[in-house]
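Per-chain residue numbering starts at 1, and chain names A, B, C and D are given in the order in which the chains are listed.
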Amino acid sequence: MKVLNEGEVTLIDSMGNDLAVVQAARISNGAAMPDWRGAPDEKLIRFLAEHQHMTPFEHEVFKFYVRAPIFVVREWQRHRTFSYNERSARYKKLEPEYFYPLMVRVPDPNNKQSSIVKDDKQLAALLKGAFDGAYAAAWTEYERMLEAGVAREVARSVLPLGIYTEMIVTGNFRNWMHWWELRVQADAQYEIQQYALAVGELIESVMPISFKALAVMSKS
Amino acid sequence: MKVLNEGEVTLIDSMGNDLAVVQAARISNGAAMPDWRGAPDEKLIRFLAEHQHMTPFEHEVFKFYVRAPIFVVREWQRHRTFSYNERSARYKKLEPEYFYPLMVRVPDPNNKQSSIVKDDKQLAALLKGAFDGAYAAAWTEYERMLEAGVAREVARSVLPLGIYTEMIVTGNFRNWMHWWELRVQADAQYEIQQYALAVGELIESVMPISFKALAVMSKS
Amino acid sequence: MKVLNEGEVTLIDSMGNDLAVVQAARISNGAAMPDWRGAPDEKLIRFLAEHQHMTPFEHEVFKFYVRAPIFVVREWQRHRTFSYNERSARYKKLEPEYFYPLMVRVPDPNNKQSSIVKDDKQLAALLKGAFDGAYAAAWTEYERMLEAGVAREVARSVLPLGIYTEMIVTGNFRNWMHWWELRVQADAQYEIQQYALAVGELIESVMPISFKALAVMSKS
Amino acid sequence: MKVLNEGEVTLIDSMGNDLAVVQAARISNGAAMPDWRGAPDEKLIRFLAEHQHMTPFEHEVFKFYVRAPIFVVREWQRHRTFSYNERSARYKKLEPEYFYPLMVRVPDPNNKQSSIVKDDKQLAALLKGAFDGAYAAAWTEYERMLEAGVAREVARSVLPLGIYTEMIVTGNFRNWMHWWELRVQADAQYEIQQYALAVGELIESVMPISFKALAVMSKS
């Protein structure tokens, strides 16, 4: 699934589904293992969500491949319940692939921590020129240092926050939904919202009932 | 897999294998997704273990059904990186199924926090009688209270630590191996060692190379 | 602070206060260290709580000594964000100090997972007799085994869930408030509610503004 | 405490000391509260470290103010057991303060993931010129965009990984020592090693016995 200008989110692997939530919840009531078959119980899943019985939502796991600009990954990795493996600029020269916004955004006059889209061709051209100039200068100096023999881990200091990196991220359903709730909302940065939408869509395709049950709770 | 006199460990579900460890490690070096096929790289896995590069061991997940005495579950749940759902004696009357040791153990004269086996038929008979007596008295009073209308969550106060309970436990490979290392060693209580051996055997059957690589490290 | 018939909650140590929340929040906006003095900013603290900006509530820490029945400690230790050290019945013979409820509770006809108080002298007498009988039988067999030389870790199997244990618990303010919210509410067991009320009162005495801000959010 | 060319580590607050470790360990053996006074027991602390009894090292907490380049903070924040609040380039224009290495480093011929110092004046001049050039171009474009009205969260994409940021980091002693062990070792990047050395010195000044006990273990 494509995200932003050069980004990607791919669901590599997963464990469990809506039925696994029901099975985990039922063990609290001592329901025997043979009873664990059949359709997932929608009513029970909604009950769990409404009453904050969250542990049955922890036994289902999703593992994603993500390609995103470093400033997005920086926000993502503040979430401490996931497992991450990210490409290292210490071990490998990065590629000159950069984030460019699809639209220009300016400060939101109603919320000093947020931004709004502005359809302004002159400003768009200025931004394109500024990104091109800064990215090109950084790359030129990065390559010049590597060719002269400077260590990768030192030379990377000049690379911009808008350069793309890639990572594998694994977490359980409960933690993904908590992340989704915080990152899909209006005061999150637009770019990470796009990743949250993509992740949410992929998770919903595997666990539609549980996704809806927790998504509804987070709106209220 | 049977454990102790009435216990059980069953691998319900899992995600990933030795190859997933290699894939996660390789992303650090920027190996592209298409290269991710083929046999797992034993040398790389041993290198990761030896150099404490532990994050590639976090993207593989194991989910177990466990039936164990409460005193074993108490020790188990001190591990805070797993997800648990356990039968609740608040919601459900428990069953009179109890732990009985297969051998008598006495304090270890060389380690005041541990115990050793003693082949003493008289002591075995005393222990059997003591367990029978205490368990029967507890059950009689538990049932008497429930029949008289006392709430389950109050009546359970008299139940013994040796009664069996059941739970679902999910965690990633790295966390399982840390738990296994602490619980399989000689100064862990004999009963939880048996669960660690069972869990270890089931995990090793799915991830033999990684299991050996981390097990070796923990011995050194 | 006394809790239940023989329990206790004592605040041993703490770090930080309402002002520390404000300081942590302000670094996001680049406020310099010298500006970090003065009265805590109530409006900012309420804003953080309302908008789920929770990280500033993590730099304040509370450490408690707790004396509680094992069934309460079992529920408490399901919270995985705290640090625990608990008295071990493997290393030390326990004392015959037991939980007795101050009032009789029966199943709640409106909520099968909960209970309500019933003022019934006959039932109270039956319960007292049942607790006395089961506790005395357990203790007699426990002591008989220890005197005969059985290891403490084996003999403890017969001890009841109502026996008192003690622990030290440390956690940050955010995690304490999450625990408090779940354990003070009506569908938590009455006994752990009492501990939550005691802990809450002690925390509120140190961080009154933040406590109110998060407590209000949890009600809504 | 100064670190690198413009960095800083300051211990803002802490809770507990070597004696707190002993107190937490003793509760396992049922030592009563009144016995909790006196000098910390060095032998017990070393015993805990050698036998991996780590929970007593979790009740002591350290809170630091850190000023570091973004590439250092990126590595730091991969540690998921700490609490962080960092200056946000979404909410606040950053300052043009940049990392410059004190010495030139080149790839280590014996370890492709590491680097070694090279005393080469010509290379040093090239590096200084490359850093100056890339940093200046990035700052020029950043300011040009902000002045033209582009949102801070968009304009920051061009800022380099070598720009300084600041954060508050809080964690318990056990987690700090785990971080210290990984970050002070030879295959960690030189720059984060300097932060680990500074943090270690400040922690050792508060908990000298425990610091030595765990530092020795990590070397073996």
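The rule we apply is simple: a contact is a pair of C-beta atoms (placed from the backbone, for glycine too) under 8 Å apart; a residue touches a chain by one contact, two chains touch by 3 or more.
Bear in mind the structure is a predicted one, so any value in this text is a computation, not a measurement.
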Quiz item: Looking at B-D and C-D, which one has the bigger number of contacting C-beta pairs?
Solution: C-D
Quiz item: chain A-chain D contact: same residues or different, taking over half shared as same?
Solution: same
Exercise. Determine the centre-to-centre distance between chain A and chain D, using the mean Cα coordinates as centres, and give it in whole Å.
Key: 25
Self-check item: Between chain D and chain B, distance of the C-alpha-averaged centres to the nearest whole Å
Solution: 35
Quiz prompt | chain C-chain D separation of Cα centroids, rounded to whole Å | solution = 33
Quiz prompt | Overlap residues in chain B, where contacts from two or more other chains coincide | solution = 84, 91
Practice problem: Indicate which of the five shapes (line, ring, star, complete, other) describes how the chains touch one another. | Solution: complete
Quiz prompt | Residues on chain D engaged by chain A in the complex (per definition of touch) | solution = 69-71, 74, 77-78, 80-81, 84, 89-91, 98-99, 101, 104-108, 112-113, 115, 118, 123, 126-127, 130-131, 133-135, 137-138, 140-142, 144-145, 148-162, 189
Exercise. Can you check the complex and tell me which residues of chain A touch chain B?
Key: 13-16, 20, 23-25, 27-30, 33, 55-56, 58-59, 61, 63, 65, 83-88, 91-92, 166-168, 170, 172
Quiz item: Hey, which residues of chain B end up touching chain D in the complex?
Solution: 51-52, 182, 187
